[in-house]
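Presented below is the structure to which this report refers.
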Amino acid sequence: MNGAGTYLATRDLAKRFGGIVATEQVSLDIAEGELRCIIGPNGAGKSTLFALLCGIHRPDSGRIFIKEQDVTSLPSFRRVRLGVGLTFQTNRAFHDLNVRQNLEVPMGATGSATHSRSARSEDRYRYALSVFGLDGLRETPARELPHHQLQWLEIAMVLSGGPDILLLDEPTAGMSPEETTQTARVLQHLNDDGLTIVVVEHDIAFVRQVAQRVTVLHQGSVFAEGSIDEITAHDDVRRIYLGQA
Amino acid sequence: MEDLSVVVSILYQFGTNGAFLLLCALGLIVILGMMNIINLAHGELMMMGAYTASLAYQAGFPFPIAVVISFFVVGVFGAVLERLVVRRFYGRELGALVVTWGISLLLSQGTFLVLGPFLPSIPIPGGAIDVGQYSLSVYWLILIAVSAGAVLGLAWLYNRTEFGLHARATMQNAEMARALGVNTDRVYMLTFSLGAGLAGFSGALLAPTASIMPFMGQQFVAPAFITVVVGGASNVIAGAVGSSVLLSLVRTPVGFYLGAFLGLVALLLAALVIIRLMPNGVSAYFQRWSDRRSRPTV
Amino acid sequence: MKRLFRLATGPEDIGRSPGFWGAFAVLILYLFASPLWLGEFEAYNISFYLLNLPLALGLCLLWGYCGVLSFGQVAYFGIAGYVYGIIAGNLVGTGWGPIAGELGGLAACVVVSAVFGYFVFYARVQAWIVPILTLVLTLLLETFLGQTAGYQWRVGNVQLGGYNGMTGIPSFQVGNLVFYGYAFYYFVLVAVVLCYFACRMVVNSHFGKVMLAIREDPLRAELLGYDIRARQLGVFVLASVLAGISGLFYVQWGNYITPSQVGLVSAALPVIWVAVGGRTSLLAVAISTYALNWVNYSLSSAGNQYALVIIGALLVIVMLFFPRGIVVMLAEAGFRGSLARLRAALRLG
């Protein structure tokens, strides 16, 4: 591995489904404290990359590193215990449990349950609870929450485990522009506080609000990487992605 | 000549065991594979098939006709069952398991109360042919052929007919299938009815080889479900074929040397080991293999 | 102590109000006092209804709270019973034979369920495969025990006995105190109450929340950092130990056991108790188990050829019309009813 402080890295990650190449030679380096957006048109391999990172799928070849440790063959829960928090594109908060139960479930990086969060992650968690307006809803069944708040609940739930890296798959899917902005502001704040965040996103407006660095996936490979200004100025990126967006 | 007859006899043993497993699983794989419903009343549907065949045979119908009658009688019963009970459990796997278990208890004990502890058995049709010092039952040879034919028929129905297409579409995405004009309610009913009918068909075919009793279904439950479990759900037909071959390889020698009970134990142990090694069943292996073949060479 | 109390009274079961706990305490006191006016025979019958509770509570934990359905809990009931019979039967007259038998029986449950569960859960099989394989296991066990009729099937001086079963199993005994009649009644009562509270503590602990999370969405639970395979296995072993406890009580109660205790009918019973009560509540399951055993016991004296039909019909009706369980649905309706009455009274006042 190269570069100290690299929190999440992949090397030549490849995955095929049947005859279809989903990702091919994806190499990423995400440094500690970074807020990275991974964008790309539909079918670019974003979801596959996400599934590979969290261990739902195993890559055909290539390696994945979390905090310099090779996790390619580790089961999902071991990766999470290294300090990764994940949310899904389709909301997967526990809909039949109430908000309190949802928040009490996660296990943190230390391999034990929520009450052993570090002071810093405790602050992040409290912050998320209050800005997301979940404080007063403890006994509300999750399925009665409006859509955007369910999405926020899942983020708060993951923060409850005290992660060092957040891995979010389209966290603003289905949100109104105001809710998207609010989400962006919260992520920005968490990142300022030192949390490393990787967002797989489709919504370019959201990406403009938060991203420091953007990776563009196209046809399963890394097509371009740079600041948001560089990316939006990139002719080919405009053609394949922004043109269609 | 001596060697050849040993080989034939061993093949025959494997063949009968494999055919038995396939026949047991036949109706189950339709209902599980196309509808994702686990029908624990499967053994009792087979029992109904055997009962119908026995009654029809006593009434003077030739045995092959009795088998066909069983298929239709149990198929109609399956349609009724689907209408009244099963349709409320789509998407609730465990609920479906429990309710079909209740149905199975009702059917077996109900049969006992109405028709008594046993029916006259059906003599095994066909004689035996001698190969060297071994004698092979013609009927079992027919069963091997019939089970192979039934599987081919199912594969054809599933892959080549409009009904199969609708069934697959309904199973993958019922809402979308409805939007495209498929009558999904009818597809569900027909599929369940087909599965039930096949269970009746298998029950009737196996009737001459068993005693016809209300609780005879129990003896088919373990082999049928183990075959399906080992086969896996990603391609039920190929899975059932693969697993019945694999399991027959385990069961035949163990059953031969150590008796029928340990043969059954070996089936369960083999199932546990196989699912540990191939969590998605034999069919996932086939799937990967055929994927690899279809992958473009880069 | 405070923490234990909080766990026992936590929110993951019905019945949390002071009124409820008052009624609960009265019930327990009633059960403890009832030998004062009950004959020994009635106490003996009540011990039978009670001794099935751990088996049902285990299945309730497994199915209702963890989302893992098992049709083969009676296998562990039978294993514990038979192992106890073998060990205690060979150590008659030693005074510590029954205790060795209990430990041996429960150890056998742990070993069998751990090995079986390892293969099933670490293979990450789909949810429907677990009930099938557990059912197959218990039916195989019945077949095996059924063919142990000959003289060669003996362990030490205990006959397994084939379909006639194992007879003359010693009652529980500590030193010279033999648990029989009232003593056995108290023994079972104390153990069952402890089992109930233990289960209630489990579901209210953090472990219990993870169980709920696994039931709701196994993948999400795993991606919150839990090894769901190990958790499911843990609950499975716990449930099998509870089933084993019932099995031990059963053989100490009747001093015999037959293979039909691990047969199809017996396997169906715990599923009925849990489904009728409502699988998401330990208390509801405890109530339905007691009530159904009482009904069944009274019915079976009238001839049990309808037992299977009744069980089957009950399963179908409950699954069709009371999918969350009769006791749970009644309790909720009652709660809502009393809320409505309270509101009406306030409005009038």
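Lettered A, B and C in written order, each chain numbered from 1.
Criterion: a contact is a pair of C-beta atoms (placed from the backbone, for glycine too) under 8 Å apart; a residue touches a chain by one contact, two chains touch by 3 or more.
None of these values were measured; they are calculated from a predicted model.
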{"item": "Most remote chain, CA-based centroid, reference being chain B", "value": "A"}
{"item": "Of A-C and B-C, pair with higher C-beta contact tally", "value": "B-C"}
{"item": "Central chain of the complex, centres being mean CA coordinates", "value": "C"}
{"item": "Rounded Å distance between chain A and chain C, as computed from the means of their C-alpha atoms", "value": "43"}
{"item": "Mean-CA-position distance for chain C and chain B (Å)", "value": "34"}
{"item": "Residues of chain C touching chain A in the complex", "value": "206, 209-210, 212-213, 216-217, 219-228"}
{"item": "Touching residues on chain C, where the partner in the complex is chain B", "value": "63, 67, 69, 71, 116, 119-120, 122-129, 131-133, 135-137, 139-140, 143-144, 147, 264-265, 268, 271, 275, 305-309, 311-316, 319-320, 323"}
{"item": "Complex contacts: residues of chain A adjacent to chain C", "value": "54, 56, 75-77, 80-81, 86, 88, 92-97, 101, 104-108, 111, 113, 157-158, 161"}
{"item": "Residues on chain B engaged by chain C in the complex (per definition of touch)", "value": "38, 85, 88-89, 93-95, 97-99, 101-110, 112-113, 218, 221-222, 225-226, 229, 233, 261, 264-265, 268, 271-273, 275-276, 279"}
